[in-house]
């Protein structure tokens, strides 16, 4: 179709190419197996979206939906696919936060943390926290800061998460991610690479927090509070 | 031999090529190491079958057996290999369910779940469940549904699983998989890609269920029942 | 040197090429990181041996030692490397068992099992056992059989393992592997592919046994003995 | 720029190429995700340094900083990047120990060990220890030796680790690595390959020690002290 030039490019950094490359990476991490997860990248006024229910590691640029960010209408819509149910959720991050890209995964670390925490995930005093942004001010979190990610309840239909996700984004202005109980995580960033790095750093921290809890160490505990756990010296 | 044209194709989506590609993937997941596991794809009246006892990640299209689905006779039979002992089990899924492909793995998640559950594996209220089909009606399971997979006892010879596997398929008309205690899992689907996606989603859920149990959370428990486990808030 | 033709071949199945390919695979499994482990392949009267202390994933055919299996003298000996300290141990499998290849890894599953078991590792009633040979008679172990692997004590110098390794081979005529406490495992087979498959199947079983023990299930227990562990039905 | 010839080479073993290759490997190990970690290689009087805050798996030679080891001034400094905050720490290993390369990772095994141990990590009587150098004398540690790695407290800013890191290096002359609590590990070696192998062997031992502790076995315990843990014979 005429709109194919929106997704065909020899530039590896073209959004349609990046989405395919990153989904292969996320698949190898176990984050988007079984057609789970989704991703969207904003490029000027264009929003690129992976389709619903496809094998994320086998996508090609031709599979992409493209939306006009102002009219919210699809200007490229592959007939054989359905738009992702994540679309309204990605829009929340674009509209409320001015994000440049959104990633949604079914990471088991995210699901497990959502089962082990009530309303918020918190972790503090870990170097990797420094990879996450302050959001409401310039720069990044510090080593002694606490990273807080809100957890919302899942709904039967993904699009119905929109209201509570928007509420969580507004209630947690410093968050760059929202966990969905028994489901996974939404992460966004100023650009596709920022979103990818934030997602990576958060998943590292989720995994570490589970290990800490299994050793009886509170992930948001003070430095030194780990004494008394498995420490034997 | 004359039947070589049945397995030689430049089309990456030809069943003989897909079987080889998927087995490399399954090997990297640890599902078919040590020559374990098997796979079969139905293409019209032809049934493609990986041979017995070969290294699954090193198979080439020339290794494939091809059977006529009506006569159940091999129309291509590589002399140096034996037909897979899984063959009668794959036939059960083809004949009873009209499957388009069958996958058998020795996934450790499947074996561990078979040791932790008695007659059925059950998991509920997890987003990934939505990747599995209703089978007896159109569409997919919902978030609030319970996925149930029957567990049958293993036998000394794989082909002797046929009767109990057929019984399980008939007794569990909504299942698209059967677990075999201390052995692994059989998964089927309408097409090779459906079978692959179902297998992937089920293994994700088996792995998650083991982690949940290790944290004292019942995988088929109600939402909210996880409180009281490791939650510390 | 003139002996270079012993290791230069365009045939991917040439022993010098296979050793390099398999070591890359073993490295990705975490079995031979930090220059650990070793491998040897016998081809007629020639024995190919990886050198001592090299990064296993970066070996090239030029690095190989070649020994005459009758005279036990090196007919190719790269000056910049030392022969592997595993050499006398590999010879034990060649001489006593007529093996065609030997693999030695520092697999963490092997080390952990050596810490959790006293004199022998035993596992029974698991399908994957069927990938292991009977050794003293034709064919393979059955599902109901018990796989037994002896465990010997480590020594300060690897070559000093020779006597106890030979003793273990003689005392356990049905074994195709020996575990070394706090060290790793030696696996051999009739050919390089048999050794690789046995190694893979054994490591799967070692890993599974650790998981079973962590769930309170005896790996060599009777079918049904797992009830009472984490089973909740 | 004119200094580009310092980083452009067709030789895969050129420091600028090696840094990129190794960072891809470390990324696949989960050691440098989320832009974490760092690496530096010394080549004669030139010190190559990966920049700050970049995705380690996507670096190209053009991203490298190059410093004169005598004047400690950058002779190549890509304008769009900042020098790594690890730089003063790498210098400590170059200046005090005469290292040839330094690696810094956020390995979760390193972070977990730093939470489970007070002032030093110790492990003994494991074969893999033999991959580590004696440092103060020729040769490598033996099987019966104890590997000791000091643990220092983290600081808000990475460069502020310099004093305590230098103190640890001086206080532990036999160490080739320093753990940083809740942060990661610094490893150095006589060459880039030595540093890589030491890092690999240490991470293997950190991972093993965590598993041993989880089974109630003291990683630095005497041989035989593991009896009474999970052993059931």
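To keep things simple, chains are lettered A, B, C and D as they appear, and every chain counts its residues starting from 1.
Just so it is clear, a contact is a pair of C-beta atoms (placed from the backbone, for glycine too) under 8 Å apart; a residue touches a chain by one contact, two chains touch by 3 or more.
Here the structure is a predicted model, which means the values were calculated and not measured.
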Comparing centres built from CA atoms, which chain ends up most distant from chain C? A
Averaging over Cα atoms per chain, report the distance between chain A and chain C in Å. 43
What whole-Å value do you get for the distance between chain B and chain C if each is reduced to the mean of its CA atoms? 30
Counting only residues that touch at least two other chains, what does the list for chain B look like? none
Sort out which chains touch which and give me every pair. A-B, A-D, B-C, C-D
Which positions of chain A touch chain D when the two form their complex? 125-128, 131, 142-144, 193, 196-198, 200-201, 203-204, 207-208, 211-212, 215, 217, 223, 226-227, 229-233
The chain A residues in contact with chain B across the complex are 30, 33-36, 55, 106, 108, 111-112, 115-120, 153-156, 180-184, 213-214, 218
